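Labels run A, B, C and D following the written order; every chain starts at residue 1.
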Amino acid sequence: MVKDIKTRIREKTKLSDTAISIVFDMDSEITPGQFITVGCGAERILRRPLSVCDAVNGRVRVVFEARGEGTAWLASREPGEILNVLGPLGNGFRLQSDGLPALFIGGGIGAPPVLFSAKRFVDGGDAVIGFKSKKFVILEREFREAGKTVSVCTDDGSYGVKGFVTSEAERLLKKKRYGRVISCGPTLMLREIAKLAASYKVPCQVSLEERMGCGVGACLVCACKIKGKDGDEYRRVCKDGPVFDAGEVLF
Amino acid sequence: MVKDIKTRIREKTKLSDTAISIVFDMDSEITPGQFITVGCGAERILRRPLSVCDAVNGRVRVVFEARGEGTAWLASREPGEILNVLGPLGNGFRLQSDGLPALFIGGGIGAPPVLFSAKRFVDGGDAVIGFKSKKFVILEREFREAGKTVSVCTDDGSYGVKGFVTSEAERLLKKKRYGRVISCGPTLMLREIAKLAASYKVPCQVSLEERMGCGVGACLVCACKIKGKDGDEYRRVCKDGPVFDAGEVLF
Amino acid sequence: MKPSISVDFCGISFKNPVITASGTFGFGREYAEFYDLSELGGICVKGLTPQKRPGNPPPRIAETPMGILNSVGLQNPGVDAFLSGELPYIKQFDTRVIANISGNTIPEYCEMAEKISDSEADIIEMNISCPNVKAGGMAFGTDAGMVKDVVSSARKFSKKPLVVKLSPNVTDICEIARAAEDAGADALSLINTILGMRIDINTRRPVLHRNVGGLSGPAVLPVAVRMLYQVKKAVKIPLIGMGGIRTGSDAVEMMLAGASLVAVGTACFSEPMTPLLVRDGIREYLEKHDISDVNELCGAVAEYKD
Amino acid sequence: MKPSISVDFCGISFKNPVITASGTFGFGREYAEFYDLSELGGICVKGLTPQKRPGNPPPRIAETPMGILNSVGLQNPGVDAFLSGELPYIKQFDTRVIANISGNTIPEYCEMAEKISDSEADIIEMNISCPNVKAGGMAFGTDAGMVKDVVSSARKFSKKPLVVKLSPNVTDICEIARAAEDAGADALSLINTILGMRIDINTRRPVLHRNVGGLSGPAVLPVAVRMLYQVKKAVKIPLIGMGGIRTGSDAVEMMLAGASLVAVGTACFSEPMTPLLVRDGIREYLEKHDISDVNELCGAVAEYKD
């Protein structure tokens, strides 16, 4: 059941120079990869979509970066303040057990839903998370706590492995047989991961981003191009996604 | 000097069911009758004009009613929060001593600037303040503390004298010779007071209200009709007023 | 006594004056997860075209101060798929259905009007004002001569009440309104979106892939109210008012200006429950002001005469 | 290196691209209490008419979502009183002066253009788009033929650069822009206000005494950006962009769409310092993006072509 609630911020933590973690009350069944939309001030019409990073004991956590005005507004909220939250929305990652480990790949602020997936996934696996540089690294410890090995990559090598997540992912794909790739991050990264997974014949699920209006599937603004049975067609990131099979996405 | 400041709310008091008193830091020379304009939320373009009710020790007090959306927003602010304040603006009441007592008349939420005038005026006098009913009565004690006798009128007689301020004012005008009338309140009330003062030949100053844009005299939206030397003309409530000689106002 | 909020519109009874705006509510399925669609006065569906349309490439939306721009470009399954796949779904609910149609040519409008006339939809709304498609669309709605042609042709094929949806992107909305009335429109709806644009100053690219798009949401409310007010005085047929309605007060304002029904669009994006909140707000206003019938509001603005 | 923010506009040098919008800044006196007017690129004064005008009865302003409606109705002391009483005051400051004129007839425009040509004002802006007066005003600006007539006539009497201010209340802004250009306009400014209305639902009265008024402020920004973008492609003469600018980013957006200069109006009501903040914001943007000259922004939007 999608909820449309006003809820109180319970915790707020700065994870890095740019990433903020907020926890609020929301008692819902949530699948990793699903998202919520949050109102960002009376002066803004559109809610901002944020992936759920964790959901336990009636509390939901999101991790986000202040990019533009709306998320800057959100970043300046404090515990005790009220948020308008709608969710959970969309389809999450398919995480049913098949006995094979999974490869979790998160780029930048795409890491949070991947972490949530890693936590819920039962067949073990490895995680690769990538960031611009050391000061942007987040959630490393939590991936480890989720029982996954973690490789951290930074573009400039200031922490962990130098380079993009793709090289590290390829190294792992060469070594081990994975049942699936679970991935979220910048579109360019997802495109490369999709190619990589295809070349290693591992099913790959990606969580896409697109600007949204309603967030519930009614307005058709959040279009992404998908290979359909009867030719290419636009599908809704908010309702048909945000998780898609990488193979059907026309990046 | 007009100031354009962000300042912190220091005190907030409920004076009645509908009237709220807010005190904030602002160190300015302010004449009673002058006003400030205050920003009422990022989602509203226009600042709201409020008369100053008191200014001492670097603190300014305003008393207002939540009438529409902007003042409702203001009414929901709490001490510690920041306000955008511009002021002092406009011309206040002329309160120079002439040895004669003054008659202070305030209607409803028009009472605050009249109180400020009464506090600053040195030649003594009497005050008449009127409200719809008992539960709207405000500032009575403070008028008394300002050294003025006070008659409180209520439309329904639920407190003080039953009836409008005009009858009570007329009773006083008959009894005593006043040097001036200082008045603020609903336009209809001011019109009656103006007539009354004229018939007793007492100079009368009124503080007018009009919807404002800039609040500083530049946009000409706050027009009120005034008898000019060369015929009637529109003058600016914000810059040429809000205090006008009642005799020149075309109500 | 509870005020009556039902409205007779072109001979069709609406249980309340609040409908959804075309394109913001899909075919109702998604919002049915939030409330019973039977609570609505009516549902105006996503704009239909003779054939399935893919719509424009993304991004299709941009935020603006108290508004949004969209350039969906009439993505829809086509009128036949609507009639077979979507209409029966909506008809499960006790609410009115308005089928919104957009053509590139006059025969396209006629063809769709004819098909819908044989369906269970209650009303046909002709969108002659979509700013987000290349051919047809807004071009029809900005020229009185073309309005006359397309409306009088479609009129012949419509057995249902025919509502013509006007574009605000015109010099003289009254001229267009009269042309539609003269051509046989049973009612008018306004406003469609106002053409706008946003540019991302970091990439220097327009935010929308189609460069420009249609402005809607609270920002346009005063323009919509003005046009309703002007058109109400120019024509005799009833009006559906839309553009920026978020609250019961906004809806009452639109009705005082001249609307018989009001549509809620963009506001649903901020708050899915908006149509019901608007309906409740209208009722509260009537109660507070002791008005027994919502129809009394229609065009009841007391304009200044001097 | 500090970026250059000076602009040559019709042969007149502006120290920065930020000017004030006519009617929102009086004749500068009031805002001179807040900052040195020499900091401004230029000042566009309140609309002038041949004779003193009293303006419309109040209320003259209404608030709307992220905007305002005004119906001041060109209250002003008349062009002669401006030239003798106000212009010398502004000329104390080192900034450009744009004299905004509004006529009811072609001869009125000509007469004012001639008078101002002999003054120290730098530029003449013809307002053919005021929605708040009965005769003349917007009527001139919504018909290409009339635009041609009034501009070509006024052109003959102007010894200063002549800017024509366009109304957004038209079907095809490019047609009007081209008419003005063909008639000899040296530049165009846009947008004036969009016609709107608000109704007080408690009194059932329009909020404005003139019933309708002109919409300005952030709400109109996307409409202004779109029109700048369209007009930039339609004409060769330079443009002054205005409508909803509040920040340096808004101004940059307007310049990318096609503006050489930008004007700030309504935003001054929220914050008197806005014009200077906008100027500073433009400079910061240039620094951040390593752009050495503000003129590089003009029309530099990278539109989508497919």
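Note that in this section contacts are C-beta pairs under 8 Å (C-beta built on N, C-alpha and C of every residue); 3 or more make two chains touch, one makes a residue touch a chain.
None of the values given here were measured: they were computed from a predicted structure.
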- Item | Intersection of contact partners for chain A and chain D | B, C
- Query: Which chain's C-alpha centroid is most distant from that of chain A?
  - Reply: B
- Between chain B and chain C, centroid-to-centroid distance (C-alpha), Å: 46
- chain A and chain B: spacing of chain centres that average the CA atoms, whole Å: 56
- Query: When the centre of a chain is set as the mean of its C-alpha atoms, what distance in Å lies between chain C and chain D?
  - Reply: 33
- Query: Distance-wise, how many Å sit between the C-alpha centres of chain B and chain D, to the nearest whole number?
  - Reply: 36
- Item | Multi-partner residues of chain C (at least 2 other chains) | 57, 62, 65-67, 217-218
- Listing for chain B: what residues touch at least two other chains? 43
- Task: Can you identify all of the chain pairs that touch?
- Result: A-B, A-C, B-D, C-D
- Query: Mind pulling up the chain A residues that touch chain B in the complex?
  - Reply: 41-43
- Item | For the chain A and chain C complex, residues of the former touching the latter | 1-2, 4, 39, 43-47, 70, 84, 86, 210-225, 232-234, 239
- Which chain C residues qualify as touching chain A in the complex? 23-26, 29-31, 33-34, 46, 54-63, 65-68, 70, 72, 75, 217-218, 266, 268-273
- List of chain D residues in touch with chain C within their complex: 57, 62, 64-67, 69, 142, 169-172, 194-199, 201-206, 209-212, 215, 217-223, 225-226, 229, 244, 249, 252-253, 256-257, 285, 289, 300-304, 306
